[in-house]
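The following pair of complexes shares a single chain, chain A, combined with chain B in the former and chain C in the latter.
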Partner chain A sequence: MESVLVAQALNALFAVAVLALVALGLAVVFGLLGVLNLAHGEVVMIGAYCAYVAQTNGWPFITALPLAIAVCGVLGFVVERWLVSPLYNRPFDTLVLTWGLSLLIRKCAETMFGLGYKNITEPVSGTLDVLGATYPRYRLLLIAVSVGVLVVLVLWYARSRTGTRIKAMVDNPELARALGIRVSRFASATFVAGTCLAGLAGVLIAPLVPVQPFMGLDHILMSFFVLVVGGLGSVAGLLTGAAVIGGTNSVVSAISDSTGGYFCVLVLAILFLWQRPSGIHARR
Partner chain B sequence: MRAASVAIVALLLLPLVAGEFWAYQMSLLYVYAIAALGVGLCWGRAGFLPLGQGLFFGLSAYLSGLALIEFDQSFWLLLLVPLAAVASGALALLIGMLVFRRQGESGPYFSMITLALALLAGQVANNWESVTGGFNGLKGIPGLPGLDSFVAAYYVAAVALVLSCVAVFWLYRAPLGVLWAALAHNERRVVLFGFDTNRLKAVAFGVSGLLAGLGGALYAPQQGLVTPQLCGFVLSADLVIWAAVGGRGRLFGPVLGALLIGALTSALRDSFRFWEITIAIVFIAIVLAYPRGLIGMLAPFELWRGKRPQRAAVLGAPARVQSGEVARLQFEEVDVKVGEVQILDRLSLAIDRPGIFCVIGPNGAGKTSTFNVLTGELRSQAGRVRFDGLAIDHLQTHRIVALGIGRKLQIPSVFAHLSIADNLAIALWSGRTKPADLLQPRLRRWSSPLLQALQERYPFLADAERTASELAHGERQILELALALLSEPRLLLLDEPCAGLSPQETAQVIDVIRWASERRGATIVVIEHDMSLVRELADHVFVLHNGSLLAQGSVADIQANDSVKAIYVGSEK
Partner chain C sequence: MSQPFIPARRRILSAAAGSAVLGVGLPTFAQAKEFKVGFFIALSGPAALFGPTQRACADLAAEKINKAGGITGRQVKLLFTDAGGPPAETAKSAVRLMLEDKVDLLIGSHDSATREANIATIKSKVPYIYSPVYEGGECSANVYCLGETPPQQAQPAIEFFAKEKKAKTFYLIGDDYVWPRKSNEQVKKYVAQYGGKVIGEEYVPFGAPNKFEEAVTRVKAAKPDAVVSTLVGADNVNFNRTFAGFGLDKSIARMALLLEENTLMGIGPENSGNLYSCMGYFANNTADAPKKFKAEYMARYGDKAPQLSTIGADCYAALNLAKALFEKAGAASSAKLMAASEGLAFDAPSGRVTMRGRQVDKDMYLATCNGTNFEVIKTIKGVHSGTACKA
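Entry: the complex of A and B
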């Protein structure tokens, strides 16, 4: 009995960790730059296809990580430089533009890899005993990686000079520019960091989900709802949002089916829109 | 008109000239074009982007498909098409009311929720096998009774498309269409004219759902097959692309986009494997660089259509129905705190007679915030605001304004992309229209004695077709002031009406304010920094300092007041 409870708790923890990992890139870009990148899900998809490319070439799984960072980093740089940066402070146009971009990336993936599902084998197989429950090693690893990435990022953002400068940029770009901070370069770097994180998340979740060109849609929607519920601009918000959305989704899905879970998440997001439009952890 | 007649003749002749195959192809595209029309309406007019129109198309297609299978060949099924469309429209209206209810949010939230709803609908259609036939969909749907040949189906779709275009054309010409265009660019200003913009947007979304529903209801009998893909992402995305590429801002843009891209897609999809990538790139290019779309490229050829007809004779606007009493305004110990900052600190003041009241005070004294609290845009934490004795501090802005309050903002915020005539018309509709009136295009010809008097003083206001963005700054201030006056409020709030004006223009504005006050006997409250203007205008002065009332009285009283001198000049105390 106890082992079932432990397994359920691990499942919930896993769902929240994965959701937080996937939403992290979007949170960075939306929270710091105010750009809702609708192509975020497609960048996650690119990351997953990087894992697939590594696998078909017979490279070890770990090589997919630098591959994804390279591909998504270059993509993020190009997109920020030529498409997004002319549209800062025009959120509606960025929305439409990144939506078009998501379409383009999806079509490219369709042309290159076809519509079929790809399976990626887990790089770490087998199970581990945790307090009497047997749990897949890869999932445990993923939880650890999510926590690690979040902790490193938070510490770096709170302590480093760059983090302080980014805060200055977010707070008042004009003043930051006047103080000699290269705002456009930091904006570019922030956007690239967001896409790299998305690509990284894509690689890591690839062995656990069917990889196909449309997989990005679910990820962008879930990530967005995480931010709606949790609020922008803090890790606490990200985690709360991931816990609420991930928790609701997995509990309701377990009771009824995935459609029910999806429906509840949607209703929850609309309720938050009414009652707490800036989320549980509002920045101000 | 000529272009429309040519298009209609072409529509009628097409099956005879091009043959049945093209008639079949085109009838599908007509059905899509009807739905794309709705996306153009939301996005190009009302300024919000629905990403999940497939939901309404698919819902209505399933409803009509199920009914056609169930009650094969009964003639009352012809009624079904409009009914299924209405069901989709009602659902869209409901969703619009729910999502727009509080925030007036037109950005990402709305788009994301519509997208999520469409994906949800796709899942439901996929999983609910007993009703929808699951992944393979509903098969073997019979045609509409008596209309099941290809050519008959073609004409049904063509007629539906023409009727939809006529209906949307009507809406765009009606006050409703003007208000959509206005709120897309400056929603706050429309609210300050007393319109419930959230409802206006919900109606726009409802109409778009109705159009998508009409398309879906015709799709089922025409294609004989309804699959979950219709509800989901792909069709929703195509509709947005067609509307954008064709030109979302114009009536025929989305239609052109759907017909052209649709036809090219069916011709090229199999032979040219990069076709869909090309379309995605074209879409991005259009959004980034050429929002007018393909139909915008046709603009140079539109000269042959002849000049726009001039507006016909003006119609007198009815008098605004409101109590003739003098406005009574009371602030009772109003507290406003935003974060750590105390904006208003137990502010109390009262106005109970007509005349010109000036509000002065140093920067940060809470002058504009006082106006914002009054119009319900800033919420107070404590205290009461009463208008005519009625507590208004918890009403929505548009309801407060409808009680007879008008406001001119600090920065001129006329509807820059609308004509002068439409700007003035919106002000005239304020407080004088019932919801049903917004469907009557003749209301655009309204005028009032006050407007005529203003047009005599300022001839540029009669230059009806000129776009407001072409006006000089001074003219914009005058137009803005005219807009605030035209709704004939009993209490008029003017926030720095002379900011940024030359001395000559300032004199003109002062003149209009005095004239309006004497002519209408209204109560006017003016925020002003310039003491020389205050001396000229004010019957009574309120001095605000640190969010509370420091002093009040006539100009002479204020100038003699020591504490007022102290905050302006500084003192030893």
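Entry: the complex of A and C
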């Protein structure tokens, strides 16, 4: 019985960690630039296909990470430079733009790889005993990686000069520009960072899910809920949102069933949008 | 069409006069009028994966039929229509196909929820062939079903699990809609019949971003001898990957009621141990008829051929059934077609099959998964669908 409890607790931890990892790229772009990137899920999908490309070429799994950074970074740069940057402060237009982009990316993936499911072999297989519960090694690794990425990002954002400049840009772009901060360059870098993080998340989850052109749709929805609940513009908000959404889904799914879990997630998202649209950690 | 307010009689007169004036040697009436088939396949949504093979198989059948003179001498024209959206949307398309395109026949390869919406809309005015795997029991007038039913799939599989794998306890998991729930009612009956016990049954929301860690942990705690999955598509892939990831594949046997080549490819070779499927068609079946069908299919589409599976094979069979049905009935009335369907033999990719009670009795193949291939371990001849509708 204890082993079941431990396993379900690990499941909840895993759900929160993966959700935070997947939502991170969206949080960066939405929180700092005010662009709700509806193609976020598709960038995650591109990351997953990078893992597939690495596998079919016989390269080790780890090589998919730099590949995803390269592909998603270039994509992010191009999209920000020529499509998104003329539309800053026009939230509805960016919404339509990124939605169209998501359709385009999905169709490109369909043309290149077909609609069939791809299976990616777990780079670390087998299970490990954790306090009496046998848990898959790769999922444990993923929890660790997710925590690691978040910690590094929090420290860097809090302590580095670039972090401070980005904060200045977000708070008051005009003033930041007057102080000599090249706002457009930082905006570009922030957007690229967001797409790279989405691509990395895609590589990391690829061995766990069916990889197919439509997979992004599953992730954009949950990621959006995370930001609705947690609030924009802070890592604390991201973590709170992931904990509330991922945790609730996992715990309720464990106690009752998946329908209950999904139901609670939807109710939470609706309650927040209705009563507290800026989330738990509102920026202002 | 451009002059909707001229009474029909005068329109016919003017058309006749027009052709007389022009003196064009019109082809005979029978050849001029195409046999229009509204063909529902998944062009969007989660089942869109099957779209290319559904279309390729249907086109192949139509080309062959047209080369042999069409259906009742009329060339077949397929109007592919998306059934990947919500059932109500597909039903609206059915109305359009009937009223605007005036189709002679509707064929559907989609889920059961959509079938129910379509049948309620068509109201037996146009014959409707429903081709994929389903839960059985569909007896609405002028509806003809081709797919594998639980008596054909689950009965042999549960018997195999109970007798040869000595399975006593079963855990059922499925997507939450009509096919899994109705199929599982019958699965439970077979489990009881072979002296087993169902110790768990759960459903996940259909079309939601599901994850399966919690369900798999629950299955593990319940310690069943076998799991029966009525999950479909990505959910089925996801569940089976998670199941094997947690290391349960070694101790617990699994069977899935909709496990075909595409799904198995997604599950992957590391996760398909101890996994079974029971279907009327597998692409790598080496018997004469399926081998010949596959060769024709590959010759037509070459290297880019979409992956063959039972879903596509049934689309091919549906058009052969249509030809046999209309030519035997001699008229398109519901009563004549239904009467003609009884005992009607026609060619399916798996070989010659017979329609009884507007369902198909067929040979079933129980297969184990070896990597991403199916290996047939048992062939069960002429299994009855378990449903006998009145002609």
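As a working rule, the second predicted complex is superposed on the first by the 270 of 284 C-alpha atoms of A that agree within 3 Å, B and C clash if a C-alpha of one lies under 4 Å from a C-alpha of the other, contacts with A are read in each partner's own complex, and residues count from 1 in each chain.
To be clear about the criterion, a residue touches a chain if its C-beta (ideal position, glycine included) is under 8 Å from a C-beta of that chain, and two chains touch if they have at least 3 such contacts.
The structure displayed is predicted, hence computed values, not measured ones.
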Quiz item: Are chain B and chain C a fit on chain A, or do they clash, once the structures share the same frame?
Solution: clash
Quiz item: Of the two partner chains, chain B (first) and chain C (second), which one does A:36 touch, if any: first, second, both, or neither?
Solution: first
Quiz item: Once the shared chain is lined up, is A:107 touching chain B (first), chain C (second), both, or neither of them?
Solution: first
Exercise. Return first, second, both or neither, reflecting whether A:208 touches chain B, chain C, both chains, or no partner chain.
Key: second
Exercise. Return first, second, both or neither, reflecting whether A:97 touches chain B, chain C, both chains, or no partner chain.
Key: first
Practice problem: Using the touch definition from the top, say if A:77 reaches chain B (first), chain C (second), both or neither. | Solution: neither
Quiz item: First (chain B), second (chain C), both or neither: which does A:262 touch?
Solution: both
Quiz item: With the two structures laid over each other on chain A, which partner does A:273 touch: chain B (first), chain C (second), both, or neither?
Solution: first
Quiz item: With the two structures laid over each other on chain A, which partner does A:221 touch: chain B (first), chain C (second), both, or neither?
Solution: both
Exercise. Determine where on chain A the residues touched by chain B overlap those touched by chain C, and list them.
Key: 214, 217-218, 221, 257-259, 262
Practice problem: Over in the complex, which chain A residues touch chain B? Could you list them? | Solution: 36, 83, 86-87, 91-93, 95-97, 99-101, 103-104, 107-108, 110-111, 214, 217-218, 221, 224-225, 228, 257-259, 262-263, 266, 269-270, 273-274, 277, 284
Quiz item: So in the complex, which bits of chain A are touching chain C?
Solution: 4, 7-8, 11, 14-15, 114-122, 125-127, 134-136, 138-139, 208-212, 214-215, 217-219, 221-222, 249-250, 253-254, 257-259, 261-262
Practice problem: Flag every residue of chain C that touches chain A in the complex, lowest number first. | Solution: 46, 48-49, 51-52, 176, 202-205, 208-211, 213-215, 217-218, 220-221, 234, 237-238, 241-242, 245-247, 262-263, 265-271, 306-307, 372
Quiz prompt | chain A contact footprint on chain B (complex, rising order) | solution = 47, 49, 51, 98-99, 101-103, 105-109, 111-113, 115-117, 119-120, 123-124, 127, 233, 237, 240-241, 244, 273-274, 276-277, 280-281, 283-284, 287-288, 339
